Structure formats: C-alpha cells, structure tokens
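Some structures are shown below for you to check.
The following pair of complexes shares a single chain, chain A, combined with chain B in the former and chain C in the latter.
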Partner chain A sequence: MTDLSKRLASEKRFKYFAMFAMCLSLFFVVILMLKIFTTGSGAFIRTTIEASVYFDPSAIEVTNESSVKAINKASYVNLADQIVKDNHPNLSDEKFILVREMYTRKFDFQLRDYIASNPNIIGKTVTMEITASSDLDQIVKGNYPRDVPEAQRKINDYQLSVLDSLDADGKISSTFNLWFFTNGDSRDPETAGILGALMGSFYALLICFSFAFPVGLLASIYLEEFVRPGKLTDFIEVNINNLAAVPSIVYGLLGLGMLIGVFGMPYQVPLVGGLVLGFMTLPTIIIASRASLRGVPPSIREGALAVGATKTQTVFHHVIPLSLPGSLTGTIIGMAQALGETAPLLMVGMVAFVMDIPGGALDPATGLPSQIYLWSESAERGFLEKTSAGIMLLLGFLIIMNTIAVIIRRKLEVKW
Partner chain B sequence: MRKLSALALAALASFILAPSSEVEARDQINIVGSSTVYPYGTVNAQRLGESGYKTPTYNPIGTGGGMKAFCAGVGVDYPDITGASRPMKAKEAKLCQENGVTNVIEVMWANDGITFSHSNEAVEFELTREEIFTAMAAKVVVDGEVVENPYTSWNQINSSLPDYKIEVLVAPPTSGTRDAFDGKVMEAGCTLEAVTGSDDGCTDYREDGRIIEMGENDTLIVQKLVEDVERFGYFGYSYLKDNGDKLQPSKVEGVMPSGATIASYEYPMARPLFIYLKADHIGVIPGIQEFAQMMVSDNAIGDNGYLTKIGAAPMVPELVDRVRNITDSLDPMGFDIADCANKVHPLKDAGYAFSSGLCK
Partner chain C sequence: MIYISLLLVFLVSYSFYFIGKKRALNISTQRDQTLSALPDYYGYYSVIIILVPAILIWFFLLIFKSNFQEIYVMSPFLFPDIDTWSASKTGLIMNKITNLSYIVNLSDIDLSVGDKSILKMASDSELIAAKNLASFDKIYGWANVTLFIILPVFLGFIATRSISSKLNAQPIVERVISYVIKGSSYIAILITFGIFFSLIFEAVNFFRYVNFVDFFFNTSWNPNRAFVINASEGFDQEALKDAFGFIPLLTGTILIATVAMIVAIPLGLLTAIYLAEYASTRVRDIAKPIIEILAGVPTVVYGFFAALSLAPFIKDVGESVGLPVSAESALAAGLAMGVMIIPFVSSLSDDVIKAVPNSLREGAYALGATKSETIKKVVLPAALAGIMGSFLLAISRAIGETMIVVMAASLRANLTFNPLEPATTITTQIVTSLIGDVEFDNPKTLVAFALGLTLFIMTLILNVAAILIVKKYREKYD
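Now for the complex of A and B:
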C-alpha cells in the first residue's frame, strides 16, 4: 500500500513539475508579447492637429485643371508654411519655426495627396487633420516625459504651451496611422512605413520559393525514387542533415563570396537575398519531401508499374500528387524560418536605408527583420514603437504561414 | 503534373518579370559606412530624394567596413560614397590605390563629440582623460610601475569621485567611434609611455569583465545605461541629444559637450565627420555632387540646419568655406590617395586639433 501511494505521489510531483515548466515558458512568452504589444500598438495611431486649410490658388503652382501627374510633381512647401501661419496668427519668425516643427515635415505631401484625390479643391477652405511631428506625437502619447528640464526635451516650453492650447480647443486627436502600411522607410518617424521592407521580404521569399521548391523536390525525388540506397546516398543524407544545421550567417557569407563576388550579382537586392535564403531552406525542403515520399506506400508504385507505366509516369502521376502536401508543409515551414532570418540578409547588404518601395527583385531593398533591426538602432524616440510594431507584423506573418502549413497537413495529407 | 508545371511557370515568370529598373546603369546612389554618420547621411539622402533624385540607400556597416567596400573598386557594383566618423587611414588609402580608386574627394562636413555618458539619475561626473584611461586600460601605472589594472571603483582613482563600480560599455573594433575614442582618450590619457617609453598597450582595454563590448547598436547601450546607473558608455553626440531625458554626459577636462564646445574643440573628445566621394562615379551616377553640396549647405549645417538640429556640431568658418569650395568645384584641394597612403595630407600641418589624425 505505502508503495502505491509513494508511486502515486511521485506521479503527481512529476505532473506538477511538467506543468510548472510549461507555465514558465508560457510566462516568458506572455511577458514578451505584452511588452511588444504595449510599445508597438502606438505605431498604429498617429496624433493629428486640426487645421483649417485654404487652398490658396496664388500659393499653389497647379490649377484645378492640372493633370494628376502635374499635381504630384508640384511643390507645396510654401502652401504648408502659409497654412501654419494662418492657423497660428501673429507669430514672429523664430516662433514660426518652432510651431512649424510641431507639424510633420511632410505636411506638403499630405496636401499633395489631398489635392490629387479631391478635384476642384483649389480655392476652397476645408478642415484637415494634419499629422503632428513625431516629437509632439511622443509627448502626446506619454512616451516622452514633459516634466524634465527644458534642455533635456526635444519639445520646448513654448511648443508645449501651444500644444496645451490646441488641446484645450479640442484640436488634438488620434487617428489610424495608414502611413505605416503604405510608406517606405523614412528618417521622420511619423512618416516611416513598413511597406518597403514588406515588399523586399515578399520578393526575396518569391525567389527563395522559385529556387528552393523545384530544386528541393527534384533532389528528393532522385534520392528516393531513382537512386539505389547505398554508401553514396548515406553520404549525401549525412551532408544534407548537416547543411540543415549550418548557422544562417554561413549562407550569407556564401552569398557574399559566390553570388556577389564570383558571379558579380548586385549588392542589397532581393534576388541575392532570396537565393541565399533558398540555399538555407533547401535542406529543410529535401528532408521534408523525402519523408513524405517515403510515406507513399510501395503498393501504389507497384500498381502503376504493373499496368505498364514508366518510372517517370509512376512518379509524376501517382507518387508526387500523394506526397505534395508533405513537401509543401516542409517548404512553408522552411520559408517561415527564412522570413525571420536577419544574418544572411546582413551579409548581402539587405540592411540599408532604402526609402523607395522596391518594384522588383533587382531593386535595392531591405527585409522585414532587417528593417526592425535598423529601426531599433535609430535614436529618435518615435522609432521605438515602430520597432515593436514591425515585430508584431513579422509575428503575424509567421503565424499565418505556420497555420497554412498545419491546414495543408490536416486537410490534404492522405493517411494510409 | 499540371500543378507542378504551373509552379515551374510561376518560378520562371518571377525571374523574368523581377528586373524592373536597374539592369544596366544604376541611377541611385549607394552609400556605405559609419553608423555615426548614418542618421545624418540618411536625413540628407531623404532631402536629396525630395528634390527629384532617387533617394540614395545607406548601408551602415561601420567606418572600417565602409572603407573596405568603398576601396574595392570603381564601377556600378561598388559604393559611390562612404561615411566615416574618423579620417581615412593610410592603410585604407593604400587599399584604394591598389584597386584603382585613385580619385577620391574628401568632404569634412561637421564635427561630433564622443560623449562619456551615464544615467540621468546618477551623480554628475567630472573626469580627465587620464582618469578614463586609468579606469579602462588593461595595464596602468601604479607607483611608477606598470601593473594589471587594480581599480574596481571610480573613487579609488580619484577620491573626489563617487564610489561607483567601474563598468564601461564599448563599441566593437570595426566602429569608427571606437577608433576615435582610442585616439582621443586612451592614447591621449595614456600614462604607460612615461614609464615604458612606448605607446604599446595604450589602447588595450582591460579584460576582467569591466569593459563590455557591445555591437554597433547604440540604442541597446542607452538601454543598458538606464538599467544600471553606475555604468558608463560612449557614443556620438546625436544619441545624447535624442536621449536627454535618460542620459547625461560627463564633463571632460572641465568641459561639457555642447554644439559650441565641440565646434571649438574645447571639448577634448571632439572629432570631425567625413564623407568620401568616388570622383570617377560623378556624372555616371546622378546626384553625387548634389548630395555633397546639400550636406554642407547652410540649410544643413547652418545654425538652424537640419543636420545641426539632430546633433551635428558646426565647423570653423574657414573649414566650411574650404569644404563648400571642394563640393562646388570638385577639386579635392590637395587630398590625394597616393599621398594619403604615404601619410601625407594637406591639412596635416594646418594646426587643427584633428590634424595629426589625418591619413594616419
């Protein structure tokens, strides 16, 4: 009896230890998530200042009849200054500079976009929500203290008093920050967006998939279906497993030395980044594909061969369709891993200030993780929330990719 | 089968469709180099982009890494501009020379001060360079003899300093800030020479865990300094400016770093900042000269300039005139790669505080 109760007690203990281990890891994940979400959520919101905007025809180079192209080309810097002066009358030159700094430096771009999307607006007066500068935004969000001595602040006492009077008039409000999703990188945190990095990662993953999936699939078909198992396959198998464990920075060095050094491919483009990520994903795909090819029962192959199919027909008509879900699952998981990799991108130069949104795999670009790295390095306080928001986005994509992998495995995989 | 061929087709299409713009010549400036120059260079790049050029890209790989890439050759595959937080070294000029990069224009565009900072919540420090050296060096002089660094707290070095443990976060060896710090502080404050007769070991940091090497990520250093008020770190003035609510600089030789004291080099840890232009690329890749002209314009480095506002300290008027002359005429004004490889520089004997460091 005592023996049994002892065994039961030890079982209980073990259960609690295991539970504790799980809770501990969950605890760290929750802390990490909380930290990222609380700092990052601010990036989706921007502070705006309400202003009455008179589209003064004499301060605008274009007219209501101008084409969209001409509107996009014209400068609205003077109009922006004019509007600030109209909304804050009787400013000395010195104070005007201070007040102008409270609005985004890209005020003129906001005006341009408004004119482009609202025809016949020139000559009229409207009320607009103008994006505030990042420094002001950070004060309003409480990320930057206002009770420290003036010399330690980026917003001085005069600007604070203007802010308070605007706030008292109900002119300060918060809206959704669309720019974060539609802009490329910028040195003004309020206008910096993630789209450029997103497109960079997209092109890189496209190249990665187009290279690694066919090559990986064919290699695994050859190893599983066409070659007789022996010393050679053992040797190859050991090497593939080895490659899967090689640190990613080594692949980056390979890209730098071979693709850029020997083949003369350009620096900092998604084509090279994607190929490097492809090298990295290749072993994962081969291992997953081989496992799923092995899962197809021999009776299927024998049946096909028995009715006179050639080896190739057997493989392409029967084996591959049955094993494809397994290969795809492996590929998606491999690509999710590639999406989060920074080190190889670092080596091939995809960590850079790139403002223009890349239009193809041969345009200079950064990737999502390298953009996060760059923002985390920036001194401006406004980039802190952008960093966390970038991480949130990256996590979101990883969750989506991994979910797709799980769904494919659940729904499409054939059980024997 | 059909699925597979569709996939293969998609792969092919992505390869063919992908090249959009820059297949032949590049029309976008490619900048590499110092992460201290990065905030200024990128703001300037953005302004150039707003004036109708393609916005240049800036790859912050450190001053040393930037020089290596810049000096690797002439042609669209190589960077056009490199940012540097210290002057080009003779060794690097030699590399440039070997690879045919012989037409280089040196643009000294502003000053920066390395601040020796710590948390706002700590006591303000007033240090000399000798004291900083004594705290950080591997070997120091005690009672006329060279010994392993025995100091563990600042008040052991100078009894007027608080009883704070010695712990300093430093930049990696590839960093130009570290090179500049080593030259301005470790070598300048070195006490070994008087005893041993050589400056060997002046720039060796102690290895007992009190000097902690961090990556190029200055934001991380700021965070670490906030966590522990007794820790120190060094970085460029712009970081201090952006983190004024968290950090304070130490007075060095009785001088507080500020725009004015850095500009006059009264602050002993002031240093010039550079960009180097590849003259052979000017006219091939559009906007290089305009980029440099914008960077030294009154709009950028004047009293209320956009680079001054984020921490660049001005230069003396004669150097401003000189550099504007250089960027306008594209005449390097005596700067020559072959000379630099032999440690010769036109300003070497001009008597500026930074003169001795040129083409070292």
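Now for the complex of A and C:
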C-alpha cells in the first residue's frame, strides 16, 4: 500500500485532469462559435454609394410605355456606365474602368428592378444608394488592410483616393443587406444570396419527412408491437443499428447509383437529395419511435384488449397517440441532422452553381450546407463572409428545430 | 408529370374514403341492415382497393420507362434492319439518338458550331427517331396522368359497388395494414441491400477496367490518367495500372483517423468520467448540453473551421519552431475531426459508465479505495466492453467522415505517416471523382463506387462489432 497522502494527491490530480478535459471540450465550442460569428456578421451589412441617377431616355432601350416584359428583357449596361460617368465627371477611359469597378457589376440589374417597380421614372433624376463592389465593401469594413503596398491590394491607390473623397462627402454608407436573404447564388459576392439554397433544403427536407416519418413510424410499430422475437427480428435490429452508423457519403452513393443510375431520376434535384436524406434519417426515427412505444405501459394495451378491441385497433387508437410525441421528437432531431448533412447532397449533384430560386422538388437546386461548401471553396474575401453568414443561418435553423423537439418532449410527452 | 399522377391517385383515393363510408352508412340507416364492420372500415377498404394496384402500376411505369422509350423510338419502320443489330450497336444508336434529341428541336440561333455538325452527320431516320424521343416525355407524361385519373376512379367504383352489409371490411383492412407495416420494416433491410448492390454493381464495372490486385495493392494514385487515355482507344488494364492504387488513400485515412482518435478518446473519456462521477447535478445539467452542441454542428462547419483557422494556425506554429508544415496537413483535418468526435465518445461512454451498478462502487469504497482508484480499478474495467464499443463506433465515424477532409485535407495522394504532411482519404477521393461530369462508363467515375464499397465494408465490420459488444455488455448488467 502506498502512502495515504500520495494516494490522496493522485486522487486530486485525476479529478483536476478530468475537469481540465471537460473544460477543454467546452472551450472548443466557444472558439468555434466565436470564430463563426466574428467572420460572418459582416455579410448582413452591405456598403452603398450614394449617387444621383438620371434615367436618360437616350441611354435606355425602353420607354415609360414599355411592358414589364420588355423592361425586364432590355439591357441597362450603357445607362449604368453613364451614371457612373455623371457622378465622376472628367474621367479618362482608363480611370473610368477603375471607378466602374468600385460599383457592383450587377448595377444594371439594380436599375432594371428600379425601373420595373417605378413606372414613369424615365427622364427623371433621383438619388439612389448604389451597391458597392465586394472589394470596396471589404475595404470599408476593414477586412482588407489599407496600409500594404499597392500590388498586394485589390483596390489600387487611385480607387482609394476616390473612395476617400466619396467618404468625405458623406456618400458612403452601410445598410442592411436584404439581398442576402432574397437572392439566389451569384458570381459576385455583393449580390449573392442564400434564398435559393434555403428553398432547396426546404424541398429536400419536405421529401425526407414525407418518406422517413411514415415508414419509420410504421416500421417501429411492427418491430415493437406485432413481431415475435426471432432470428429475423434480431437481423432487422442489427441492420437498423448498423444503418444508423453507415457514413453519409455511402447513402449519397446509393442515391447516385440506384435512384439516378438505375431509376433514371434527374441529377441535382431536391427530390433525390430528399430521398437520400430520408434513407439516412429512417434508422434514427425507428430507434426513437421504438423507445417511445416501449414507454407506453402495458396496462393501456390490456385495457383496450379487455373491452374487445382488435390488436390493430389497440395499437392505432390507443398506443400510437400516446407515443406520437416521442416519435415526433426523434423525427425532428433526425431532420435537423439531415439539414446539416452535406456529403449526400454532393453525391447527387446538389452542389452546382444555381442562380434561380427553385420552385419545386424537381428544379435544380443546392442545399444550405452545400451552398456553404461552394462558397467556402471560393477565393474571394467577400464569399468568406457569406460562408460564415450561411453557417450562422444553418446553426440558427438547427437550434430552432432542436428547441421545438425539446418543447414537444416537455409539453406533450406523457410521464408514466 | 408522373409525380402529379401519383398525387392524383392519392386525391382520388382520399375522396373515395368518404364515398365508401357514406355508402356503408346509407346501407345501415336507410336499408336498416346491420353492417359487419364499423363504417370507417368501408372507407379504408375503398382506399386500399384503389391504392394498392394503382401504386404498383405507377412504380412499374416508373421503373420501365426507359424500356418503353426504346420500344417507342427503335421502331422497325425507321430502321428496317433492326433485327440484325447486336445489343451493343442498339445501345450506341440509342445513345446517339438521345444526344440528338436534346438539340433536334432547337432553332439555328441556339445551336453551337459543334451541335450543327452532329445534326448534319445524322441520318434521316435517326433524326426522326430523335424528334420522337424529344416528344416522348410529354406523351408519356400525359398518358400517365390520364391513366391515373381513369384507373383509380374505375377501381373506386368497383370498391363502392362491392360494399354491402355482408362484406366484413375489418379483417381485410387489418390484414393489409399488417402487410404495410411489415413492408415498412423490411425497407430498412432493402436500403442495406440497395447500398450493397448499387455499390457492388458499379464496383464490378470498375474492375473491368482496372485489375483487382492493382487497385488494392498499388501505391500510386493518379486518377486523372483515366482522362488522358480516355479519348483515343478505350481503356486497357496495363495503361491504368498505376492510376488507381488504393494504398495511399488507406494510409491517409488511417493517419487522419488516428490523429482524431488521439484527440477524441482521452478528452471524450475523461469528460464522460468527470460528468458521470465527479460533477454536481448543476454542472452536469449545464455542461452536458453545451458539449452536445459540438455533436449537432454540421461537419461542413468543422471543415470550414479547419481550413480557415486551424490549418494556417498550425502552419504558423510549426514554422515558428522551424518545422515545415503543409497548409493542408493531416494534423489540421485530424484535430478538427477529433473535436467533432469528442461528444460522440463522451455521451456513449457516459451512458456506459452510468450503467455500471452502484454496488460495485460501494464495494470499492468499503475497502477504503479513493474515488479515482474506484474509477480506475473498478468502474472502468467493468465498463470496458461498452467503452470499447463506443471507441469502435467513433473510429467508424472518423473514417467515414467526409466534409472535414474534403475541405481541409489534401487532394493529392501521399504515402506517408507524418501528420505534418498532406494526406488524402477515401472519402475525399470519392467526392473529387464525382464532382463535375458523372459518366458511368468511365473508370474515373466508377472508382467512387469501388472506394465506397471498401468504405462500407470497413465501417460495417466496425459497426457490427460495436453493436454486438454493446449488446452483450447491456445484457450483463440489465
């Protein structure tokens, strides 16, 4: 036997060691969240440049009498260039290109939308807040250093001097970046939005739910209420537990090889993505649902059987309503996992550049996590911000879904 | 279109639920006959009569669509000598017609130069076939919708007509329900088989291009070679010998998973011990959910974190002490993966430790053991099997993890066990080989399935071992 004081010291050491390990784990959570929030918050703000805009009829292909369709089809590139020239008079051609780069490339679309929503504007002059280019935006936000040599900057000395004079006139301002929530993806960070990916994920989850919830619920009923224990049930049980631990990328390959390759379903669509996510979520739902069926006391079943209900009636009229909150909790947690799953979406092609906002489960789309992946692969600093903002949004949805699950568990689950 | 027709089937069957129920009620109230079952069951009966055949036919039409397509396009009127064609020739012509069908109806303005020459080279009958094919989807869709309006309504009328007081709907309905729930639980098995067969099927195709032994024992991995050789004269096994060597991927996967385990196992286990044995209820209630947040964070977030912050940080630290560290080092990916797996290990081990009966602890205390001695010499040995199970699941998780390594690990295969060097993994290569053009006749695409199959078998062995160990362990203390 060692000395008692040594033993007590080792006891203390062990305890602090364990405590340190736990604190380190907690520390990782804090670091991760901090990093995401500090890089991402900028994406919700965009820099704008105030300019007086004269809708010169000679530079516009349409008139006040044109139809909406004609307005949407026409080009406004010349008008955009002219407005930049009007606001920065006496520029040489070379300098004009530099100044034009300070405004968003999609300026003409901003003009088109303005004309479409304000009829009779042509020929008039208004003051507009024009979105700045992403590089300018990053300078204003302080994410790009200003004091490095010119060759290392995206914005050169001349553009900086123009920026400073604009700033001195009070024309540079920051507004809430609504585009981030209303646009689809774009090649330019300043106009890229998350709505397309959000809708893609929404349709995929809808498909995932409508497949996995009914099938999972019914399977758990069979395994828990109807089946006699035997070799087959053991096999199904091991099988389901194994499916819960199969890497998600393998489900993606199932989607690609089976659904797309054999059944000829289309590539890139939320229908296939949703089905694959559904296959993945199924074991989670079955396991949760079985646990909640097991929680319903036998007295409920015996009471129903005693008054003459059949087995089916007992289960469907009495047991399921009592176990449903538990199944739903499991389903929501499973769906939250599915929402964050990226690899299967990559496999079924939901990771392409899609500008349009998908209108259904059969339109090409990306998902929220695959959009995050796409943006993270992009080299521009502006997309870094978008990536973090996308992650914040994704985490927000996960927190909401998990909170709903907790509320359902607290409020509706019956305690026996 | 075909999905609209499925929706139609459901709508029609839903309305026949009410019609069937109404008819049963009419029989009992107006004709004053006693029904053999509750009125609801006659509604369910109608739904079953409609849904079961309609959905079977729907699936049949979905699966055999391409066969119908071929029959429709490859008519003997267009190609008189079709009977003499070999199967591969038919396939080639069908491919050509499919490609033509995308462009055949476009106007001249929308055609690029290459497309025009393809159009000129096609024969007249091929062009007609292509036009037919272009219109096939529309015709097929409309035929589908029409069929799935007429068929359910027809079936619905049959069902409604057959309802009488003598018909006992209840046992029929209950039997169908029992089939449906049985079928649902078999879907889980079907998914496993589906995974297995879709992987095997494409993997076998892959091994037609690449020798089995070359794949598993070769040490060089350059899948881009398949591109270079592709265009000219097809593939031959000699040329692809050094293109798909699995060994560097395996070592990369093991390297990164090892780094992850070195982080996750001690931290996860100690966290679990602290939470289960030392922490007060209040600390436990706060700390446990926070650590579980780590488990709920999507892996794409860890990947972003690893690539953006961790990898540059490790590179800077390494360079400041004079070590050459790659920007895509296995260490960064492994560390991020380890952090992801901490809660996985801790919550599984926590459950296992809590399941050890208190009598064992009390026995140790009674002999004068301190708390840490009890944990180290009594609780952990008793929980060993369960903890091992959770480690195995964690390893399976680490080798199957995709996004972290796709974003933070290297794409270049590198046969090394040095964590400061770049390394690639099985999952990374699956993703890279499938991003871009997916062609099921190119070994560069097909290799993903061979890799997937290997990955699936590796994780399957780990998972089943873990499941069986944990199951045995539970039985021991239940």
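By definition in this document, the second predicted complex is superposed on the first by the 391 of 416 C-alpha atoms of A that agree within 3 Å, B and C clash if a C-alpha of one lies under 4 Å from a C-alpha of the other, contacts with A are read in each partner's own complex, and residues count from 1 in each chain.
Simple rule for what comes next: a contact is a pair of C-beta atoms (placed from the backbone, for glycine too) under 8 Å apart; a residue touches a chain by one contact, two chains touch by 3 or more.
Predicted model, so just to flag it, every value in this text is computed and none were measured.
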item	value
Chain C versus chain B on the shared chain A, clash or fit after superposition	clash
Which superposed partner A:362 touches (first chain B, second chain C, both, neither)	both
Which of chain B and chain C A:249 touches, first, second, both or neither	second
Which superposed partner A:267 touches (first chain B, second chain C, both, neither)	both
First (chain B), second (chain C), both or neither touched by A:238	second
Touched partner set for A:354, first chain B, second chain C, both or neither	first
Partner chain in contact with A:21 - chain B first, chain C second, else both or neither	second
Contacts of A:400 with chain B and chain C, given as first, second, both or neither	neither
Chain B versus chain C as contact partner of A:178, first or second or both or neither	neither
Which of chain B and chain C A:207 touches, first, second, both or neither	first
More chain A residues in contact - chain B or chain C	C
150-158, 222-230 or 348-356: stretch of chain C that collides with chain B	222-230
Set intersection of chain A contacts, chain C complex versus chain B complex	214, 264, 267, 271, 316, 349, 351, 362, 376-377
Touching residues (chain side chain B, partner chain A) in the complex	1, 3-4, 7-8, 10-12, 14-15, 17-23, 28, 30, 35, 38-39, 41-43, 45-46, 49, 54-55, 57-60, 77, 120, 216-220, 238-239, 241-245, 304
Interfacial residue positions of chain A with respect to chain B in the complex	97, 144-145, 148, 151-154, 186-188, 203, 206-207, 209-211, 213-214, 217, 264, 266-268, 271, 316-317, 320-321, 324, 349, 351-356, 359-364, 374, 376-381
Partner chain A, residues of chain C touching it in the complex	3, 62-63, 65-66, 170, 174, 177-178, 180-182, 184-189, 191-192, 194-195, 198-199, 201-202, 266-268, 270-271, 273-275, 278-279, 287, 290-291, 293-294, 296-305, 307-309, 339, 342-343, 346, 370-373, 375-376, 393, 396-397, 399-403, 406-407, 427, 430-431, 434-435, 438, 440, 448-449, 452, 455-456, 459-460, 463-464, 466-468
List of chain A residues in touch with chain C within their complex	7-8, 10-11, 13-15, 17-22, 24-26, 28-29, 32, 35-36, 39, 214-216, 218-223, 226-227, 235-236, 238-243, 245-251, 253-254, 256-258, 261-264, 267, 271, 279, 282-283, 286, 310-312, 316, 336-337, 339-343, 346-347, 349, 351, 362, 369, 372-373, 376-377, 384, 387-388, 391, 394-395, 398, 402
